[in-house]
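Quick one: the structure is below, and I'll ask about it shortly.
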Amino acid sequence: MANLKKTLGLAAAIAALTALPAFAQDAKLSGADTAWMMTSSLLVLFMTLPGLALFYGGLVRTKNMLSVLMQCSIITGVVMIVWVVYGYSLAFGSGNAIYGGFEKAFLAGITPDTLSGTIPEYVFIVFQMTFAVITPALIVGSFAERMKFSALTLFSILWVTFVYFPIAHMVWGGGYLGAQGAKDFAGGTVVHINAGVAGLVGALVLGPRLGFGKENMAPHSMTLTMVGASILWVGWFGFNAGSELAADGIAGLAMINTFVATAAALVSWCAVEGMARGKASMLGAASGMVAGLVAITPACGFVGPMGAVVLGLIVSPICYFFVTTVKSKFGYDDSLDVFGVHGIGGIVGAILTGVFCAPSLGGTGYGDGVTMAHQIYVQIEAVVITIVWCGVISFILYKIVDMILGLRVDADSEREGLDISQHGEAAYHS
Amino acid sequence: MANLKKTLGLAAAIAALTALPAFAQDAKLSGADTAWMMTSSLLVLFMTLPGLALFYGGLVRTKNMLSVLMQCSIITGVVMIVWVVYGYSLAFGSGNAIYGGFEKAFLAGITPDTLSGTIPEYVFIVFQMTFAVITPALIVGSFAERMKFSALTLFSILWVTFVYFPIAHMVWGGGYLGAQGAKDFAGGTVVHINAGVAGLVGALVLGPRLGFGKENMAPHSMTLTMVGASILWVGWFGFNAGSELAADGIAGLAMINTFVATAAALVSWCAVEGMARGKASMLGAASGMVAGLVAITPACGFVGPMGAVVLGLIVSPICYFFVTTVKSKFGYDDSLDVFGVHGIGGIVGAILTGVFCAPSLGGTGYGDGVTMAHQIYVQIEAVVITIVWCGVISFILYKIVDMILGLRVDADSEREGLDISQHGEAAYHS
Amino acid sequence: MANLKKTLGLAAAIAALTALPAFAQDAKLSGADTAWMMTSSLLVLFMTLPGLALFYGGLVRTKNMLSVLMQCSIITGVVMIVWVVYGYSLAFGSGNAIYGGFEKAFLAGITPDTLSGTIPEYVFIVFQMTFAVITPALIVGSFAERMKFSALTLFSILWVTFVYFPIAHMVWGGGYLGAQGAKDFAGGTVVHINAGVAGLVGALVLGPRLGFGKENMAPHSMTLTMVGASILWVGWFGFNAGSELAADGIAGLAMINTFVATAAALVSWCAVEGMARGKASMLGAASGMVAGLVAITPACGFVGPMGAVVLGLIVSPICYFFVTTVKSKFGYDDSLDVFGVHGIGGIVGAILTGVFCAPSLGGTGYGDGVTMAHQIYVQIEAVVITIVWCGVISFILYKIVDMILGLRVDADSEREGLDISQHGEAAYHS
Amino acid sequence: MKLIIAAIKPFKLEEVREALTSIGVRGMMVTEIKGFGSQSGHTEIYRGAEYAVNFVPKVKLEIVVADGLADQVVDTIQKTAKTDKIGDGKIFVLDVAQAVRVRTGELNDDAL
Amino acid sequence: MKLIIAAIKPFKLEEVREALTSIGVRGMMVTEIKGFGSQSGHTEIYRGAEYAVNFVPKVKLEIVVADGLADQVVDTIQKTAKTDKIGDGKIFVLDVAQAVRVRTGELNDDAL
Amino acid sequence: MKLIIAAIKPFKLEEVREALTSIGVRGMMVTEIKGFGSQSGHTEIYRGAEYAVNFVPKVKLEIVVADGLADQVVDTIQKTAKTDKIGDGKIFVLDVAQAVRVRTGELNDDAL
């Protein structure tokens, strides 16, 4: 996606819809790219179900386990339907600088023979669909253990419609931010900062969990969290190397960077913990993995492997500082640190992308006449626009949902746990 | 597989074995198709181990967990051996309208250079092998928590030999049903209806579990069931998009349909539950996923994405009605609802394939001169033949195994649990 | 890798670095091979995290669960960094017969356009990197439940530097063993014998766990072990079929062999257990899977599917004999049978590769003028060199680490469990 | 008041609870325990290591009742939990000096 | 000495433990139990099969104290565990004949 | 009859069970508990949130024996479970009014 040639090619394709024959001449299906992109698409689904669901689920208490799994599942279900009904069109239709319009609603005019670059457009659609799914799923970590299931479902539909689709359009669909030259190879801004900010707003609007800071809220299964983090890593190659939309050398670059930045962030989180408290924990290692994955996401096709290692080494201490010191300072209850890891990690990655893509640092370089300073400026601009857009609209959407359905379960239901109170079942029996 | 051109190409290839040079001229290995089909093959193994094993295992009580995992494992082991020894030959040898004969027993005459269409024949063999494995593994859900391990092993070998291989030959191997024009893209009939019917017969022959309807038989780990369902979904892209045997636009179509039909079925199961009892459960969402996957299986290469959504929306309420109302009405103990989900979901999918492949509904259309009514007729014919063939022969095989080894463990072993009594170990310790 | 043409091609490529243009003419990127190798690389990561981590983790007691997960995680992190810093260069640089030198340290001179055969060199690097990661991770099973985390980390870095990289260079990087004609398609020697021997030495140096042979040390979750074994199987297709470095007929051969040898070993372990103690266990089936996977690793691109079945049938009884009878005879505490399964399985596989690659047994044949006897001789030579090199150096490294940090935790920490004492957290809460 | 402690087979729990409810018992505490007795355990083997599991899963009930009800409770448990197979369990009766309901502070028989 | 057995709501455990520590209690045994009483359970449905879960999760404390401390312990538990909602729990007091500290062999009040 | 309640270190369970069997104890109930006492727990940190785990895992034995055997049982447990380290556990003895074997209805000493 971040492959500008391809993005432009796509934009051109859209523009050329009225002049289809000319376009059809150029494009030819590549079986290899198709094979890779089908694999990438299923990998990103794998990230959400069961990857993210387990990563988050392991971190909550037993009584709320199923609620997390269910939230990830229902988001997957409804967002996919929304995507083919109007989401794809809003994000990737021609439209204006902010919204893509409804010309491709219900996937009108697309057949198995329609291409998007070198792959079937259906494959491009599903690949993008998995991104639209995982982004709202990431948010659930911030208000875990207290949100109503019905409210979550409604919020997710509204949120992708008014936050995700426009931002995706602005960055990838031919809209404002892409045109500014912001570099975001695989969705650091669109996915991670976006989810992180929406999560922070959610945590503030809903307020802390009952007993927060007093009761023991230790993860019910660190094992599942580790499995989830590992699956996220494995699936993330679809996310990052898949964002090249082809099986080529840049995809290979994105892949090696996704390996080594994550490895470095894992190690540096362990190192920081080791220094700060004498022991490296599994939760630390898992958090480091995710922080590294988040940070390399915007950068993975632009920086060199050594830049990726440094990026990974840097991001963990910063996120560590946020989830330990900053959060407890401000006292908000971002249950599973969506903001601290995805938001902060995404911001660090977005800005450092502007640094490490310098050829002198092993990167693939800047656009014609663009300096590092200018690139960093553009990166920050994209970050700020995302934060503001996402923060304001998410806040409004939470309030609307609160008025319609109520965001939060009552105290007794929260004490009993969401599994019983919201879903009428328990995660484990003997 | 259901790709008729390819199936015919394959049949031709088989027929042309005596005229190999002519065939060899046309065929050329496609690296892209090979890459995708290798990926697809391992995805279908992933569906069985650990996907299906966890989906089923999570649903039984702790004391029977390992028995389910072991049943899935041993079936995987023995059916793979049977497959390369004679199964592939029986299913895909030239033979007659019902059986393929023994010409390719022990994979005679096949080398790394032998092609099947555009991929190495070895890859075609393993892809088909994974289907032969998962089908009997699906059955174990119906008589879970009471069947002897030795009996299960023997039954599985007999069942693939006398039920699966002939039906696979009839549908895909150049036999009777394929010739009738029945549309089954990825195995709705061969895999799901087949397994569902064999499961129902098994549940009836073995009788209900001790304490059925009285004791609490709640799933020991809904978490594992959710993980299993998610893995099934991820792996199913190998199953469905892999059945195109190529990385092309139709594979892309099969993939998008496998995404959206499943999403729709997940949502509609939750919606039905929400209306019926006020709460949507994780088991419901997982069941919806599987029902959607089953239903789209025969249709995935023939219908459009909107048809797939509708198909998904329809199948869940029907399966829900079966696993809640019908089953309790008749009082049989299909422990994990193999018939209610795979059997019924498969039948719904097979028949609706005849409907939604209509071009007016976004489908890829019918054969020359075939009307929707005729196609539906042919679909029903294939369903009925499968039900009768599978039902009768499965019944006989259960009885034979019962005479030789006894199908069911004694009451004390059942109370103690199959893990200790059949395998001498326990799933969990501290 | 074991594909000699390719290995030579690679060696040639390295040699030709000064004559790059000539080389560049021949080489052309294959999208299909790239797609398959990217998939293979992520599959091998999947084997380690979470596959191997769960396989091992399930086998330890609850109180040591996280320590196993952490050991696998930290090895993944540090070895990846070491690999791009100097490991790849030591293993695959031109160098001498034993070491590859530092010319490619920090991946100097490699860009997204650099090819290795038909794939981007970056992809080759990550594929090989995943092998370098899983090998030391395999070792941790032997001294599980008693090793210090800091000692493990240091040992792993030293071990890959002084044992793994040289042996990888000798076999695959243009060094001594490859030149002798030893056949090792996917790493039976480099990975499995190597890890098995290092594990045995570790178990001997650290001594048995407190309470070994007296207390109940039953696996805390056979479920997780089964999941781990299944993931290993699924990921192993990347390991084995990926070692062809291309999506072609030999990759297909490696794949079918990896299916059927594993199936056969699974069945034969169950059969042996069934005969020896009347019951087949899940741990037996999982052990059989891994033994089969290990044994087919060196052979998978050289033998026919029927040879693979026989190889699988043979390996399980031999490993079974080691983990039950031999181990208890000698009384060493190889906690999770790294030597008994990986070491012995690897040796059996390496030697039988020399047998079953005979064309008369369905194999792809020997080099010009090489007899079966000579091939077996060469195979044994490679095994012995690996055992001696690895055994001696590993022993020295354990002793060095013991002097610097101490290898083993104190008795109270061991009783309390490594999760609390080394990592300050517990795997499960309610 | 009496405290009645009973170890029974797990699958009998529901039946016993219902029988007790029907004779007027209004509360109890239930714990999953490992029982050791004449009913023998089983052997598990993990890769050659043999573990004798000497304990069998049981459920322990603890019920406090007014003195007058004690005999009937013992009797009901004994009759309902019985399967005539070894390992059916035991019932023990102890004296209780005082009982308090946390919610209200009510004492003794009123607290039950 | 007295054995004080209390069934309380799980989320009250920490608070009660702290309150008891502050009045001089130096040890206890804590067990997760399933409680049955007037507080009703809930219903779970799994694919049409309905299971009435009649038990609610509780925590059981067992504390042995010198006779003189017993009343204060009962009182403290009652006050601290109370939420005024049904299901707050019960406290029972039994007589203990003897106490021994394993490590030292000390007896009775010295063992506590 | 006496009810002997003992909290011991989990890894001592097998040893104690064997020692008791050898002096004629024929049954017991075993529960995994969380112990609170002078042996301190540990601290766990999860992403900056610190949890003091004040409880240490212990195993509780409950054994009913004839009056004559009680002293020997207490003694055996004390000697076998002892490691001379803090947290070795406690033993308490209570009077039992009645015992019943569910299978046969046998009473008191015959029921044990």
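Going by the order they are written in, the chains are A, B, C, D, E and F; count residues from 1 in each one.
One rule holds in what follows: a contact is a pair of C-beta atoms (placed from the backbone, for glycine too) under 8 Å apart; a residue touches a chain by one contact, two chains touch by 3 or more.
Since this is a predicted model, take the numbers as computed values, not measurements.
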* **Third chains touching both subunit F and subunit C** => A, D
* Structure fact -> In the contact graph of chains, the distance from subunit C to subunit E in steps is 2
* Sort out for me whether E-F or A-C is joined by the greater number of C-beta contact pairs. => A-C
* Asked: Where the CA atoms of subunit D average out and where those of subunit E average out, how many Å apart are those spots?
  -> 17
* Asked: For subunit B and subunit F, what's the span in angstrom between their mean Cα positions?
  -> 52
* Just how far, in Å, is the C-alpha centre of subunit D from the one of subunit B? -> 46
* Asked: Of all residues in subunit F, which are in touch with two or more distinct other chains?
  -> 31, 44-46, 53, 94-95
* Asked: In subunit A, which residues are in touch with two or more of the other chains?
  -> 30-32, 35-36, 39, 216, 218-219, 277, 281, 283, 424-426, 430
* Can you name every pair of chains that touch? -> A-B, A-C, A-E, A-F, B-C, B-D, B-E, C-D, C-F, D-E, D-F, E-F
* **In the complex, subunit D residues that touch subunit F** => 2, 5-8, 31, 33-38, 54-55, 58, 60, 74, 77-78, 81-95
* Asked: Along subunit D, where are the residues that touch subunit C in the complex?
  -> 44-49, 51, 53
* Contacting residues of subunit B [partner subunit D, same complex] -> 211, 214-216, 415-416, 420, 424-426
* Please name which positions on subunit B make contact with subunit E in the complex. => 213, 216-219, 277, 281, 283, 287, 323-325, 327-328, 337, 340
* **subunit D residues touching subunit B - in the complex, by the definition given at the top** => 11, 14, 42-46, 53
